[in-house]
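The structure appears below as structure tokens.
Residue numbering begins at 1 within each chain, and the chains themselves are lettered A, B, C and D in the order written.
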Amino acid sequence: MTEKCGVVGVSLDGREAARPLYYALYALQHRGQESAGIVTHDGFQQHSHVEMGLVGEAFEEDDLDVLKGGAGIGHVRYPTAGSVDSSCAQPFSVSFKSGSLGLSHNGNLVNADEIREELAALGHAFTSDGDTEVIAHDLARNLLEEDLVRAVKRTMQRIHGSYALTICHDDTVIGVRDPVGNRPLCIGELEDGYMLASESAAIDTLDGELVRDVRPGELVVLQADGDGFDSYQLLEREQTAHCFFEHVYFARPDSIVDETLVYEARRSLGRKLWEESGVETDVVMPVPDSGRAFASGYADAASETTADGESRAENDDGVEFAEGLMKNRYVGRTFIMPTQDERERAVRLKLNPIKSTIEGKTVTVIDDSIVRGTTSTQLVQLLKDCGAEEVHVRIGAPEIVAPCYMGIDMATREELIASDKTTDEIRETIDADSLAYLSTEAIAEVLGTKRIDLCLGCVTGEYPFDIDGEATDRDVTRPDLGGKTLHADD
Amino acid sequence: MTEKCGVVGVSLDGREAARPLYYALYALQHRGQESAGIVTHDGFQQHSHVEMGLVGEAFEEDDLDVLKGGAGIGHVRYPTAGSVDSSCAQPFSVSFKSGSLGLSHNGNLVNADEIREELAALGHAFTSDGDTEVIAHDLARNLLEEDLVRAVKRTMQRIHGSYALTICHDDTVIGVRDPVGNRPLCIGELEDGYMLASESAAIDTLDGELVRDVRPGELVVLQADGDGFDSYQLLEREQTAHCFFEHVYFARPDSIVDETLVYEARRSLGRKLWEESGVETDVVMPVPDSGRAFASGYADAASETTADGESRAENDDGVEFAEGLMKNRYVGRTFIMPTQDERERAVRLKLNPIKSTIEGKTVTVIDDSIVRGTTSTQLVQLLKDCGAEEVHVRIGAPEIVAPCYMGIDMATREELIASDKTTDEIRETIDADSLAYLSTEAIAEVLGTKRIDLCLGCVTGEYPFDIDGEATDRDVTRPDLGGKTLHADD
Amino acid sequence: MTEKCGVVGVSLDGREAARPLYYALYALQHRGQESAGIVTHDGFQQHSHVEMGLVGEAFEEDDLDVLKGGAGIGHVRYPTAGSVDSSCAQPFSVSFKSGSLGLSHNGNLVNADEIREELAALGHAFTSDGDTEVIAHDLARNLLEEDLVRAVKRTMQRIHGSYALTICHDDTVIGVRDPVGNRPLCIGELEDGYMLASESAAIDTLDGELVRDVRPGELVVLQADGDGFDSYQLLEREQTAHCFFEHVYFARPDSIVDETLVYEARRSLGRKLWEESGVETDVVMPVPDSGRAFASGYADAASETTADGESRAENDDGVEFAEGLMKNRYVGRTFIMPTQDERERAVRLKLNPIKSTIEGKTVTVIDDSIVRGTTSTQLVQLLKDCGAEEVHVRIGAPEIVAPCYMGIDMATREELIASDKTTDEIRETIDADSLAYLSTEAIAEVLGTKRIDLCLGCVTGEYPFDIDGEATDRDVTRPDLGGKTLHADD
Amino acid sequence: MTEKCGVVGVSLDGREAARPLYYALYALQHRGQESAGIVTHDGFQQHSHVEMGLVGEAFEEDDLDVLKGGAGIGHVRYPTAGSVDSSCAQPFSVSFKSGSLGLSHNGNLVNADEIREELAALGHAFTSDGDTEVIAHDLARNLLEEDLVRAVKRTMQRIHGSYALTICHDDTVIGVRDPVGNRPLCIGELEDGYMLASESAAIDTLDGELVRDVRPGELVVLQADGDGFDSYQLLEREQTAHCFFEHVYFARPDSIVDETLVYEARRSLGRKLWEESGVETDVVMPVPDSGRAFASGYADAASETTADGESRAENDDGVEFAEGLMKNRYVGRTFIMPTQDERERAVRLKLNPIKSTIEGKTVTVIDDSIVRGTTSTQLVQLLKDCGAEEVHVRIGAPEIVAPCYMGIDMATREELIASDKTTDEIRETIDADSLAYLSTEAIAEVLGTKRIDLCLGCVTGEYPFDIDGEATDRDVTRPDLGGKTLHADD
């Protein structure tokens, strides 16, 4: 089961955690709209409220009032097609011998089934299919014998895959990031405590300061008095496998993920896009809102150099940036779909072209990705119907050729238009005059890392983990889950 | 946490179990209105749908369609004040090493906390406070080492208290009743299978035949081919502890509980009530609907003998039975309560006296119980306001002097009017001209058992179980939960 | 459009009317479950709250708080198949030149279309199809030229059909009943004011005293100081046309309608039924709750005389009254209907027979009516399946052979089983051993009136009004709606 | 009652109107979120569905299916604080002598009460307080004596104020705009018919072509065969009074209102803003989304000339345009407001500054308006907290000093910060380093009209209508509503 989620945790001195968590979840709402939940601990007992729906739907004022305590975690979950299932809503909470645990998980384990079976052999019974319950049970079991840090380490040695976790063990809040740092997690300082969040925008919302990212393989324990946090580097790997798609697509533009401001990364990717495949047209326009930062960088670069890489002549203004497509923000979940006849018109309900910007002109339209290709096809058609002489499509990321196993529910391989089509075949399908994607090299360069330190699975088909039936791009050894590895080796 | 619930289980050959379970839950709705749920198994996987609310609110047609399989169980849960908590809604379902379990529980364990702690020490983590999860985990653990029958036996040896359980272990449906038979459970034969239910009315609803009650300490395993059931007498006790209150108050009049038709039992109790404390008045009337069967038996007996036990003279018709109180069936959950001024009028909204039946007459009013005494006080006042010359109150059960620990949420001891008042003090409080309750002897006689084979805890303060701070009416030894008792002794 | 509704009105001195109206509507809920509404007037302005649903669903505490003023009216509306239409929910409220009007209507006009057209010709525009808006507009127009009493009289001279109205003209509350008194309406005295209601049970609910029925053709004006009411006999007819079905079927047993207690009327009809068509069987049982009072009277009469009209021998107890069918009160609006296969079982969900009462016995089952015959067919089958040796059906009213045009939505003529079948054919269809209905003479005798003073349209096919395509049972002259009749003739 | 709404009407040949109307309402959703409704006519009868809520909430697929017919109108209504009142939801529909009427109204009449009284004197009764019912009744009355065109003219001669109406008279769809053209209304051509809409974006959504604006004082009648429309210039005035605020604030950027593309108008206003009050800062950033087009024009102008109006030197890039504020689109209706302590943080939930864009820089922030000033105050503070060295605020419209009586619910005069403060006092209040608004001259110039042809009431306090207690900016004669003016003078 693929999940894309947002997690948060706070530990405050002398203030209730529920409202800060609620506002932080609002800031992470883009990471999951299926369910929302908060678990807090008041020193004596754990409180939980988890519901289906958006944050604003899941919580009423009374719900926050009963979530007592200065320590707590929160979670928003992504709607994966068909599986609107309340049993997977998080945080997952359990009580066990030495206390209670609440867990929020973003990511996806590749060996959850194996661990589940092992735990089942020891008598564990499970109420859901989720990875999170597996982690919770494993951790609870380890806590019977070890202190928190060693117990977490033991669990980290067993689970394999991507995970950014915020955990509430009684009133201790901790954050854990997998040893390749696939999913983001960062630390923030508040006036009266510390916090953990998938994205720094959640820290901003609480008027906090971003301290730094949680390091791959690191355990961060927030101090109960709000005075600081302790760090334990529990696992280490030579290479990281940061998800590049967070920067391209998923994270908020105002978040700083792995030391890069997402908005700036997108603008830089837009500049690269001009350099790699710029085309001189009358106007360049973003698909709102996803393509806006890319298009802004693209147009900027275009104002400096020509498509051939020459400096612009003084009287050559280059490509004009224009908002030529207007988005209708009201088209949402309750929309009655048009009939087959009207299907083409549907895209126009969501995205209306401004005729005067388009008619009789050559147009470049910029977006962050093409998944199935249907929207792109309709969009190109729409622009041509409006009188565009040429329509060129530029995408601020490489072709998506394979599914994500690490926590983003994109589509099946069959549905991905680029999985079995060349770029030119895609161009033909969507009927564009030209089409270009960005190279993976550009991605690595903009993010200031080596390619091997990124997870590029969806655009290369080679993954940083050992996934059944898929290739890997590195030397990956699955942890041996035989009896003795249950014990930490420190 | 005290729960009063209804449970059901069916195993059908060649027909889906979901709809029969749904209709059976409708028949048991009076046993629980807080939540409703069904778990089925189709041979490959388990399906579950549990929601807050009445059966009719908890299920839509689509919900039934996804509950595939010919084997399944269901549950309705009673609303206990303040704890409207979805985490305790049932059936409780878990998956574990050798399959999946669904459990529906009616009753209350007295040693749940001890077992929970033991299991926690072995690494178990719990998602709720409920007894049911404890039973599920214990059973799942035992199933690692034993077959189903031995595993159930081992669990029964560990849990102490009242329980009637229907369990779905993969697609095997079983029923279990505690060794003193505190809560009811019976077996029914359908055209194409067998079923288990808290009350036989649920069997009637599915056009089935009541086979017999599940025996105290018995395990019943429904055969998957619908051809029969297997019985295992796993535990045995010298005495039973059937809850007499099922007959007086809780069960449907058309149910046969422990071989007695509830309607007839109530009529017989009514006859006893005349014999023990009959009073000659112009009319006798039931509080609808709870007092109707009692009043009918009372009036019948009164037409044969006088209050002094003499045969009626030929021209003496005795006490006239009349429907003098009309019930408004629409006053329900969403009712806006009257203000303090109007509070007295509230009872009249629910129960309207027919003046012509009451005015200028001496009246006997019959009900099944007095809990707090507030309704009785209002009722007597109402009848006097309508012109009743005398109001005599007769109750078809003994005084409730103590709380129930076995699964009925009555009230706290402080709230029970009879906990610290004599019958005459109660009479004075409710301002009746006379008041009489039935004796416990009469109960035993009507139910055809010895007193010691009934649970009379709520009317005697002596319980058939070993409850902290309460007296017991028999030699009760708690199972020793030390390590070795984990193993069945057969 | 056919409507069956409940109406109420109160005028209080020094107390808000909203809550008393709310509780009164609860008492009338059986007369309409589709919508509920209250209109009040506080001396300065009118307040209205009307919603779809039961009273308990339509109002929240806040809704009552904004309904200011000591004068007001209320309405509950009956669900007529297919037309769940909020535009017809009542009270209907309008503002016009000299103030505001709120109207609650029970009944059905036969010349609404004609008046609507006349008013439209004068420029009136209508927002609904309902009769009530027609009455409101006509009354508002008359009030431009006349005082309230004359305006009401003028409107009464124009409208033809059945109507019981409560009207709020600014803060004056009035009640009007059509000149043949087809629909019930009565006057009640409260501690601090007076009230009007469809049934006296609503008066009981407010601890009031029934004063008397509103007379056919009478206008009752409640005094604003709560001190009394004024009566105006505006129209007079030689004969009345009281709906006998109110007593048999619709009204609450605890209501006094047209000076007869409904419960007693039903018992007396039951006695008549024994006299006319008694059959000696082992048991007689009601269909709960509708047949209970009839069966009680029937059994009473049977204990005195034999089916042949002879006095019982001393040792002959006659027919035994028994509650042999148990009703499931939870089967309601949200019920998922059984599939075709299970259809027969459906009746058993609602009505469960007690086998021990039925098996091997001859049975008489008593109800108030047979409409389509499907339930009766299932019921007879059910009793025979339970082992009844004979099943005799007795109905406490005559055959329903024609539709009601006066405000009860029974069924179409085609659907009525008695519209084209003899009693013996019906008996054959429902597979009963014998079947008998009550005579119309018995109805008249029990209600203490002449046949001609009752509306017996549904059982004779002859109506007290002039209805297109139907026969009438009296000399009915429609009011001439020509120009001059717009003026009252007093 | 002030209303700001969106209206639409379509007449199609051979296609149902309901779905096109539904999609058109989606395109106009920004004009009203309180209620949505559609009225259609199928040649025989009128169908109506009006509900509270967003378009997506108000309609389910079934609702569209019952709205039969190729002719129809739609409406979305603006939430005005406190008056969430379903009785004012539109379209308003009535039936009257010669057929049925459906009306959708955008605007506000100033003499509705007078006309209401006149109609009431003629016997009309009203079900709501709204202007729309007054127009409907007046038009219905006129249609008794006149044909449609003359009836509309007569009504237009009586009503005074702002109105853009779409009306469905049986299956004839018409559009009417008040004689000064205060509210927008335009005509579109579809493949199989014609339509009317508040904004051209609704026409785009249906793949139609904008034909032209409805002229002030014009009646447009769509032909039933979908082949065209007829125009009647019923009233004429020397001056228009187009609402300038539609361009600045309310209309969609992709709509063409009164021949001007709103997006371009806003960009031009942004350019003017630079010319009038440009300030050289490191960055210029919009308040998203409202200030984006203004900021884009402002930055464009700034790249050409300096703040002093000089041409830029070659190496002077001018002011950098940046997206420095990120909007959280999930903060909506169900948001739990922060407590007083957290209030300041609230703005950051909705609008997060990107620190790297702001820190250590001088910043110009651009928006379309300042109403109460609270958001601006928080925003300036937020930017300074992020390290902005200077914060300059520029507004793309003049100061709002007075309320709108013509259909926009802004705020009361007391709430408007500019009603009693000079610009410098406002600057001080919001703590900006400088603050400038645009001049009214700039507005007129950009919109290509004379000042007198615009309604500038909210920024000058002088209105184009005769409003009690307010000044007027022209020679306004209210229509004399004496008896004879009821007759059209043609």
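Criterion: a residue touches a chain if its C-beta (ideal position, glycine included) is under 8 Å from a C-beta of that chain, and two chains touch if they have at least 3 such contacts.
Keep in mind that this is a model prediction, so the values were computed, not measured.
Colleague: Figure out the least number of contact steps between chain A and chain C, where 1 means they touch directly.
Modeller: 2
Colleague: Based on CA centres, what chain would you say lies at the far end from chain C?
Modeller: The most distant chain relative to chain C turns out to be A.
Colleague: Overlay chain B and chain C by their C-alpha atoms and let me know the rotation angle in degrees, rounded to the nearest 5.
Modeller: Answer in degrees: 180, to the nearest 5.
Colleague: So what's the Cα centroid distance for chain A and chain D, whole Å?
Modeller: Each chain's C-alpha centroid was found; their separation is 38 Å.
Colleague: Centroid from C-alpha atoms only, then distance chain B to chain D, rounded to Å. What do you get?
Modeller: It comes to 63 Å between the two C-alpha centres.
Colleague: Taking each chain's centre as the mean of its CA atoms, how far is chain A from chain B in angstrom?
Modeller: Whole-Å distance between the two chain centres: 51.
Colleague: When you check chain A against every other chain, which residues touch at least two of them?
Modeller: In chain A, no residue touches two or more other chains.
Colleague: With touch defined as at the start, can you tell me which chain D residues reach chain C in the complex?
Modeller: 92-98, 101, 117, 120-127, 136-137, 140-141, 144
Colleague: Considering only the defined contacts, which chain A positions touch chain D in the complex?
Modeller: Listed in rising order, the residues are 19, 22-23, 26-27, 29-30, 54-57, 59-61, 64, 201, 204-207, 252-254, 261, 263-264, 292-293, 296, 314, 323, 326, 328-336, 338-339, 342, 345, 348-349, 352-354, 356, 385.
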